[in-house]
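Heads up, there are several structures right after this.
You will see two complexes here that share chain A, one where it goes with chain B and one where it goes with chain C.
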Partner chain A sequence: MKVALVGNPNTGKSSIFNLLTGLRQHVGNFPGVTVDKKVGKLRIGKEDHELTDLPGTYSIYPRSKDEEVVYDSLSDSQSENYPDAVIVVVDAANLERNLLLFSQVYDLGIPTLMVLNMTDLAKKQGKTLHIDKIQELYPEASIVEANARAGFGKDRIKEGLVNLKSRSASKITLAASDDLKAQEVETEARFKTIQKNLGDLESKEGKAKEMSRGEKLLVHPILGYVIFSLVLIIIFQFVYAFATIPMDLIDGAFTTLSAWTSQVMPKGVFTDLVTQGIIPGIGGVVIFIPQIALLFFFIAILEETGYLARVVFIMDRLMRPLGLNGKSVVPLMSSVACAIPGVMAARTISDWKERLITILVAPLMSCSARIPVYTLLIAIVIPDETIFGIMNVKGLVLFGLYMMGTVFALLVAVILKFIIKSKEQGFLLLELPEYKSPRWKNVGITVWEKVRIFVWDAGKVILAISIILWALASYGPSDRISESVKVAKIEAAELNLSEEETNQLISSVELENSYIGIMGKTLEPVIEPLGYDWKIGISLITSFAAREVFVGSMATIYAVEDDGASNKTLVEKMKGQKRRDGTTVYTLAAGSSLMVFYVFAMMCMATLAVVKRETKSWKWPLIQVGYMGVLAYLGAWITFIILS
Partner chain B sequence: MNRSLSEISNDQQVQVVGVLQSSLKVKLMEMGMVKGKSLTVLYRAPLGDPIAIDVDGYVLSLRKDEAKLVEVEQINA
Partner chain C sequence: MQTVLVILVLGVALFYIGREFYKRFFANEANCDGCAFNEKVE
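Then we have the complex of A and B:
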């Protein structure tokens, strides 16, 4: 049996879904749209049924792409999503508004189960529900009570599904999804019917709503922002403090695994593919898991408690002139840690245009992977001075780079606002739900789901690109690499290099003569105006895998100095680099230009893979690579000209 | 006298008279903006926009532009 789950937002619909399916759920695709289809297995007795969680909506008539899925699934009995039964979750504390959607679904003639959720909250508000009267109004519906927060109602819902009443009433045809006039008439009539009967359905003792002191603080004109900043600071502290530990462990584990595998397996191309392509490629996927998991842990808590809606509320007016809305704030802020969870978090934005703009500009926010690149380059070219007695210039530059990313993210958003056309009118009709303590099961399931989507959907793309990059870095035309390695070995013998130094020289020569090395050299005329040489060109290409790879590539390229003796650090080596004409490579101008390049360039295949996953097409990630590349090139070029 | 919801100050209770014709009309009705419904303006975001109102025990936030579409009349001053 195919069962669809529908309901208003904030009715505890996803709690009910989690309650019924647990971890036996997977995320698929509704055909043709970018909306995720959450399907779970619902076991009743010995039989498995398919439960589809349709997007939350206040009415069957759609105003967004998410809501269209509900309309399409339920209106067309020929559709492959057309269910055999529908569960409508109804918030007992907001009966009138919830019954609108319920009555629409009920009239479709599909066997319908009403799950009255949050009856405890209704009681707290002084409302008493008369289920017998509700039953009278909708005689062919089955009605059960549940309290998903407390985890109760699972058996009753299952029982309700088994004992669904068959439908006899002729079904009502829905108005066309764009026939606003017909929808208006229908909605008005439905509310009239509901209101006429509502007195019978619930009795309430009048109780005026008081705004709590806490609520006042959270939306206060000044304190509201202060509190939001504090919440962000705490989250980032946790993410930075806790994500690095597992990340280092993962990094170490995969390096060890590579080394061990290469010892056990016979030497050859296949071993190289496994140890240098596949294992580091998988490592490159796994390394992101701690950050994604931690950020979504916090985002899920913010959402569960109801605070996220307040953030949207206080930020909306500020984001609107930028073509964004209040819901873009959390994705953009998350991108300061890592653009991947940021792009994934944009899913809460129901307006497609606003969501797309958020996704497109999110990678401009300086993420944590840029830090190693910034730190290395700052150490090389920025003087260790203080201005005004206290301000450290290096620190100021780092701050400036972050600001540059943020300012340009917002600027590009404004420009995209005018470029991207949309038929949907942007609006914000947002329910501010009651504050609740988070349900840890829901938080856990959110984290698990986000990690799984990343690993399975984006992981494939990341792995494929890793292998391509590995092949390009390990192979060169004909026997160019082996020839140059021979020369390098002779050279090393003449210079009396130690074994370690010889190996470093060989890997440096290998990289230089690989396809990537050749690409770096070919690229030189293009990047020369920016102040870069071909060695930087190589690192630009390799760091497409991930920005921090830049540091590793630099270390490989500069592994061996001409004298081959000294044990200089990478910073010292890079500082000492001279061009053929004797001028320094890493001048203030060239170094700064390179930093600016990394602020803007889309050097992260993992983010690209996630953007492809979220927009369901290669078009947008490619546009992203393009516009960010242009920004990077122009920005770096201007920086170089100004500073030289 | 009818006024638009966007002009109502905080803590005032009003009653919905109707929603102006617009592409958001049905959407606003679905959220409870139907004739006769009583609303209380609760608070405003910094810069006065969006507005949070109480609709029958649930809190709805809407932008000023959307509130302009809702015609209301005062119940008590």
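Then we have the complex of A and C:
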């Protein structure tokens, strides 16, 4: 049986979906987004059913590309997404508004189950629902109560699905999706019916709740931003404070594993591949699990408590004067996790020019893929100091990088506003949910999903690139390598270098003359003004596939250089990197320049593919690569000059 | 033996990267699970 899950935004639809499917869910090809097709397995007895979470909408009539999915899936019985049954999640505390969508779905004639969620909030507001009266109004629907946040109602919903009432044929023919007049007439008629019956459906005691003082502070035109900035600073401080120990342990474990493997495996090229390519490659992925898990743990808590909706609200006020659509806030906020859902979430913007601007600036928001790069570089070049005894400088730098991306996203949007003119002005319709204590199962699922996607999806690409990189770094034109090694041996003899130093010099020369070394050396003149050496250049090239590949590439390059024999961690190796003239490679200026480069550069193949698909053209992704590339180069160059 | 293993692993890595690139930029997405909705909205 195919079951569709529909409901207004903020009705706890996702919680119901998680409650019913647990971890047996997947999100198509792209990571955790609400605009995507989220499908899960719903087990009733011994049978598995397909549960699809449709995008949240206030009415079946669409106002955005996103909401068209609901209209198309439910209105066309020939559609492959047409369900055998529909679960409509209704917020018991906002019955009047929620019944519009429910009545529309009910009238379609599909077997319908109403799940009255958030009944505890309705009670808190002094509302009593008369389920028998609701049943009288919609006699062919099944109705159950649930409280997904408390994990209550799972069995009732399943039971409700088993006992769904068979339906008579559809009572209405939906208005065409572009016939606004007909939709308006129908919607008004429905609201009249709902309002006429509302007094029977629910009764209310006491007055409507006023906004508390604390609530007013959180959405205050000035203090709201100050509080949000403080919340972010605290989160980044915590991320740094808690993630360091497990990250050091993982780093050390992989270094030891690499050294141990090279001892127990027979000598040969495959052993080299394992110890210098595969193990450092996997290590480069696993090491960032603590930071990614922690960051999403805090973001999930903000979302669960209802604070993130307030942030969207205050950010809307900030963005409007800058010419962005209020609805751009959600895609931009989503891009902090990953630009892919961010770009796709821009479908909710009906005006294409505003949508385009949002898509073009969304990748400037610092995504989770940048965390490994920032973390590594901060560990190398930023001193481990505190301000006022409590504020970790490293955490503040991380916060600053996130802010830099956000500020430039807004600035670029303003510039694009003048280049791409828009006649229409969009609006933001946002419902502020009640403050709630976080539901830990949902937080856990979010963290698990983000870590799984990073390790599995990004990890496969990182590993494959590490293997290819190892081959390119281990082989090169044999004449050129043997000639260079000969010169290096003479140089070592002249300088009276020890055996260990001589071997180090030979390894460096071999790497420099490998295929990857030749490529890096060719690129070096272009990146030298930014303070980078050719090895950084190689990692810049490979991380065009995905930013996080940078770390794996660095790990592979330095592992090949010391033949995988060193017991040093990647951070130690990078800190000790010297140029031929004895100067340090990773100075504060070079490291900061590299961080700024990563803030701005469009280095994500998957995002480019999505932009191409969403804009149906190669033109916009190419423009995006171009403008972000120029911004990255100039930003990195200026940073290097200022800090040198 | 070690050389054969390296060639095999390298071949798999190259194939994977090539396939990912093709899938993301050029493949027909008709059968793509996550893209079913995208087809609709396009």
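Methods note: the second predicted complex is superposed on the first by the 379 of 644 C-alpha atoms of A that agree within 3 Å, B and C clash if a C-alpha of one lies under 4 Å from a C-alpha of the other, contacts with A are read in each partner's own complex, and residues count from 1 in each chain.
Everything that follows uses one rule, which is that contacts are C-beta pairs under 8 Å (C-beta built on N, C-alpha and C of every residue); 3 or more make two chains touch, one makes a residue touch a chain.
As the structure is a prediction and not an experimental result, all values here were calculated from the model.
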item	value
First, second, both or neither for A:551, with chain B first and chain C second	neither
Touching partner for A:495 - first (chain B), second (chain C), both, neither	neither
Chain B versus chain C as contact partner of A:94, first or second or both or neither	first
Touched partner set for A:184, first chain B, second chain C, both or neither	first
Touched partner set for A:282, first chain B, second chain C, both or neither	neither
Which of chain B and chain C A:411 touches, first, second, both or neither	neither
Touching partner for A:613 - first (chain B), second (chain C), both, neither	second
Touched partner set for A:271, first chain B, second chain C, both or neither	second
Partner chain in contact with A:317 - chain B first, chain C second, else both or neither	first
Interface residues, chain C side, partner chain A - complex	1-3, 5-6, 9-10, 12-14, 16-17, 20-21, 24-25, 29, 32-38, 40-42
Parts of chain A lying in touch with chain B, wherever the complex brings them together	58-59, 61, 63, 93-94, 96-97, 100, 125, 180, 183-184, 187-188, 191, 195, 209, 211, 216, 219, 221-222, 224-225, 309, 313-314, 316-318, 320, 425, 427-433
Footprint of chain C on chain A - complex, ascending	26-30, 35-37, 39, 65-66, 68-69, 72-73, 80-81, 266, 268-271, 273, 278, 344, 347, 460-461, 463-465, 467-468, 471, 545, 605-606, 609, 612-613, 616
Contacting residues of chain B [partner chain A, same complex]	23-32, 34, 36, 40, 42-43, 45-47, 49-50, 52, 54-63, 65-66
